């Protein structure tokens, strides 16, 4: 049991990322309000990036800025994940902006932000 | 020493995430979400990736927070504030 | 020095991106339309040149983007299959733009037409990059580009229904790309690489040493589910009919003809170049594909049968065709995957033809969409009538047409796999009958004379009458006639992957 | 005494967002009520209720299944923060060791983003362009998305805004504005030397512009930053990025030297192309972030 706790503490970021992903994913699906859905989507996305960036970290090493001529790789952490996550953060911001723009337009038309209500109104219009 | 900081921050992340979804007023949910992305940028700093910390702080809390506020204003969800 | 045609993949992707970026500088929507037409035409010619060079030599090359070789910099990889897909993407994009231009300029407000063409160019670049990429994270970035661009061209029509269906489409396909990203991240954790050949060496080492087998199966599952969500396979395809039904004719033609296929081509490439197809078969991901494919064929056909709105009926039938493709891949036989590829190519020609002709036919009775009231519309617009008839017959599987060739090779590949023979044959038979049950009444309806209807005059759109309908129809007939040579070329290409 | 209780009561009310305010006399002009929801939904037909509840049950099962699968895989993955996990291989070694001499960038991450894997970042910047284009496609004012009572509320608010400019916000903007802009420009220019780079610097500049617009109103910003300058800036920056990168892609692939000097590491004008690309990416991100704000709040840039 103690060994399990030590391992839990050691892998804290990955477990936190997976649980946050579950939380965000659940809210993306179950929340009725569109704004809450978008927050859920943001939580889900940033948890994936937390998982990726925590893969790059190596204990006891510093950020990959080459300072005063120290070149060997044992001093710095792995730079690739932070490069990928940088791209990911900007992608998730632009997608959130698109999502919010759609919500504003939907409110303009249906005067409600409740996703199920909107879908029912659309189906009612379709017949 | 770092481990304790990170554990506290992770607990705070969970508190923010759950708080953002349980709060019934949207304004509070957005504010809590901005603090969530602020804590996330502190975690990036602790994980030795400063680029991400600056970007997440400026983009996560800054710009997407503002976009959320304007959307709330446009869907008349700001109860009792200047908008009313 | 590299032979000159090695640069074609990179040039065609960058050409589309730069033209997409520079469209805001143009003054009017029309000019942006002409630029997009020119760019898709050049991409078609370039890919044709690449096909002409690569297929006889049966050559597969990788192309370094920038100064740094494989594991360090980005890379593109092209072979006969990718060249063919690039050619089809360019050609069908060109023809759908040309064919649907009338409704395009009618549906979208003048101020916003330029935005629409930026989206089209970027979608073109994303489709090409997804087929040519040799790097998983570049694949993810271009999947995001194609998601935003696809949702934007659906919402370009600005009616309440399209906005509602777009938000659902965006939410579900973001879920799909999120799962795909988790797959790429997990793969990076266990293999340490992002470039497909390097990952393959690591994966084969892991499989042989039996290390990390659980993460490997989860990664294969996640990549499959992510792409299945985005290409509207059966359980995940709820967003497709509303999104494709409501959009303008060109958008729905491009969406159901090309965008759904771009993801599947990337999945096939990942399965062949990252996991190698036998590893995938051991992880029995292909059985899930087979089951979902069968269910998709039945569900899509039943929904299309019940549908009254002609465009939504076509959207449902694309869900059924996606089921065909995944069933082909799931047959565990190389000929099955080749037949799936042929089905992709046939469907990339047939569906835009059907959407364009349906759009023109519905204009005869001032945008009347219900199939019952489209009676006798073919007499007023006979080009669209003939095009629709050819497309419907190919979907039903009349010999000498593309649909028949694809179904024929699906059946022969099912024969080669006795375990999955009977379910495949039965579902193929049922869905062929269902296809006939909802396409044939359509064809009969548009050709029966109708005295008391009041069709309004049809403005002739030369681009549609002279170029796009004939070319799409001849593409279908060409694929139907020499299906055998196509299967040979595809199988050689698959062997090279 | 009653001023405090009154004051604290009002402060408490104000924080909780009740109608009463600290200084009620300033805002007694009442804005017209927002319109009632147009289509009210009666009690849901039981078919939909069944669908909704079953949807929620299935969604819950899917989420719990997904989380348990991922937890089990995390349990099997290499440990966190260990030096010999498979991700630390010859790829990382080359980025760190030869990164400085090959790209000239002291900040290895910036070198990796803008030189080793520049194709991803080109895709990335076009994602930004797509996002702002799609938001403009949805929210730019035209006959389809403007309705009269929305206009009324907005016109009314413009009147309120012009009357009592928020003194606190304006003075703070005057103080903060130079600092933010300078810091943003510093982060962009030193992208290859210190942490930061195009994305973060651009976001800071964008946030600075947003602060200025919310402090002094859109018309002041429109003097120097309207739709035309927005369009030319983003297109020139992205075209610059695309053309420069196409030049270096095509030459690099054919093993031809691009002849761009890498300069002395550590100096501002070092690392050849990365410096220029950082400025382009910074411009794109700044304009897009400000574009999001103004299209969302005003419907035009």
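Every chain is named by a letter (A, B, C and D) in the order it is written, and numbering of its residues begins at 1.
What we mean here is this: a contact is a pair of C-beta atoms (placed from the backbone, for glycine too) under 8 Å apart; a residue touches a chain by one contact, two chains touch by 3 or more.
Predicted model only: the values in this text are computed from it and were never measured.
Of the two interfaces, A-D and A-C, the higher number of touching C-beta pairs belongs to A-D.
As a whole-number value, the distance joining the C-alpha centres of subunit A and subunit D reads 15 Å. Taking the mean of the C-alpha atoms as each chain's centre, subunit A and subunit C sit 29 Å apart. One finds 12 Å separating the Cα centroids of subunit A and subunit B.
Between subunit C and subunit D, the centres computed from C-alpha atoms are 32 Å apart. With touch defined as above, residues shared between interfaces to two or more other chains in subunit B number as follows: 49-51, 55, 59, 63, 67, 71, 74, 76. Listed for subunit C are residues 137, 141, 144, 148, 151-152, 155, 163, 182, 188-189, each touching two or more other chains. Residue numbers of subunit D whose C-beta contacts span two or more other chains: 70, 77, 85, 87-88, 91, 95, 107, 109, 117, 120, 124, 127, 130-131, 134, 138, 145, 195, 197, 199, 292, 296. Interfaces, counted as pairs of touching chains, are A-B, A-C, A-D, B-D, C-D.
On subunit D, the positions that touch subunit C within their shared complex are 69-70, 72-73, 76-78, 85-91, 94-95, 102, 115-120, 122-124, 126-127, 129-131, 133-134, 136-138, 140, 142-145, 231-232, 234-235, 238-239, 242-243, 245-246, 248-250, 252-255, 258. Residue ranges of subunit D in contact with subunit A, taken from their complex: 35-39, 41, 44, 48, 52, 56, 59-60, 62-64, 66-67, 70-71, 74-75, 77, 79-83, 85, 87-88, 91-93, 95-97, 99-100, 106-109, 112-113, 117, 120-121, 124, 127-128, 130-132, 134-135, 138-139, 145, 147, 150, 194-195, 197, 199, 285, 288, 292, 295-296.
Interface residues of subunit B facing subunit A in the complex, by the touch rule stated above, are 3, 6-7, 10, 13-14, 17-18, 20-21, 26, 29-30, 33, 36-37, 40, 43-44, 47-52, 55-56, 59-60, 63-64, 67-68, 71-72, 74-77. On the side of subunit D, the complex with subunit B involves touching residues 16-19, 27, 31, 34, 107, 109-110, 187, 195-197, 199-200, 203-204, 206-207, 210, 289, 292-293, 296-297. Partner subunit C is touched in their complex by these residues of subunit A: 21, 25, 28, 34, 37, 41, 44-45, 48, 51-52, 55, 80-81, 84, 87-88, 91, 94-95, 98-99, 102-103, 105-106, 109-110, 115, 118-119, 121-122, 125-126.
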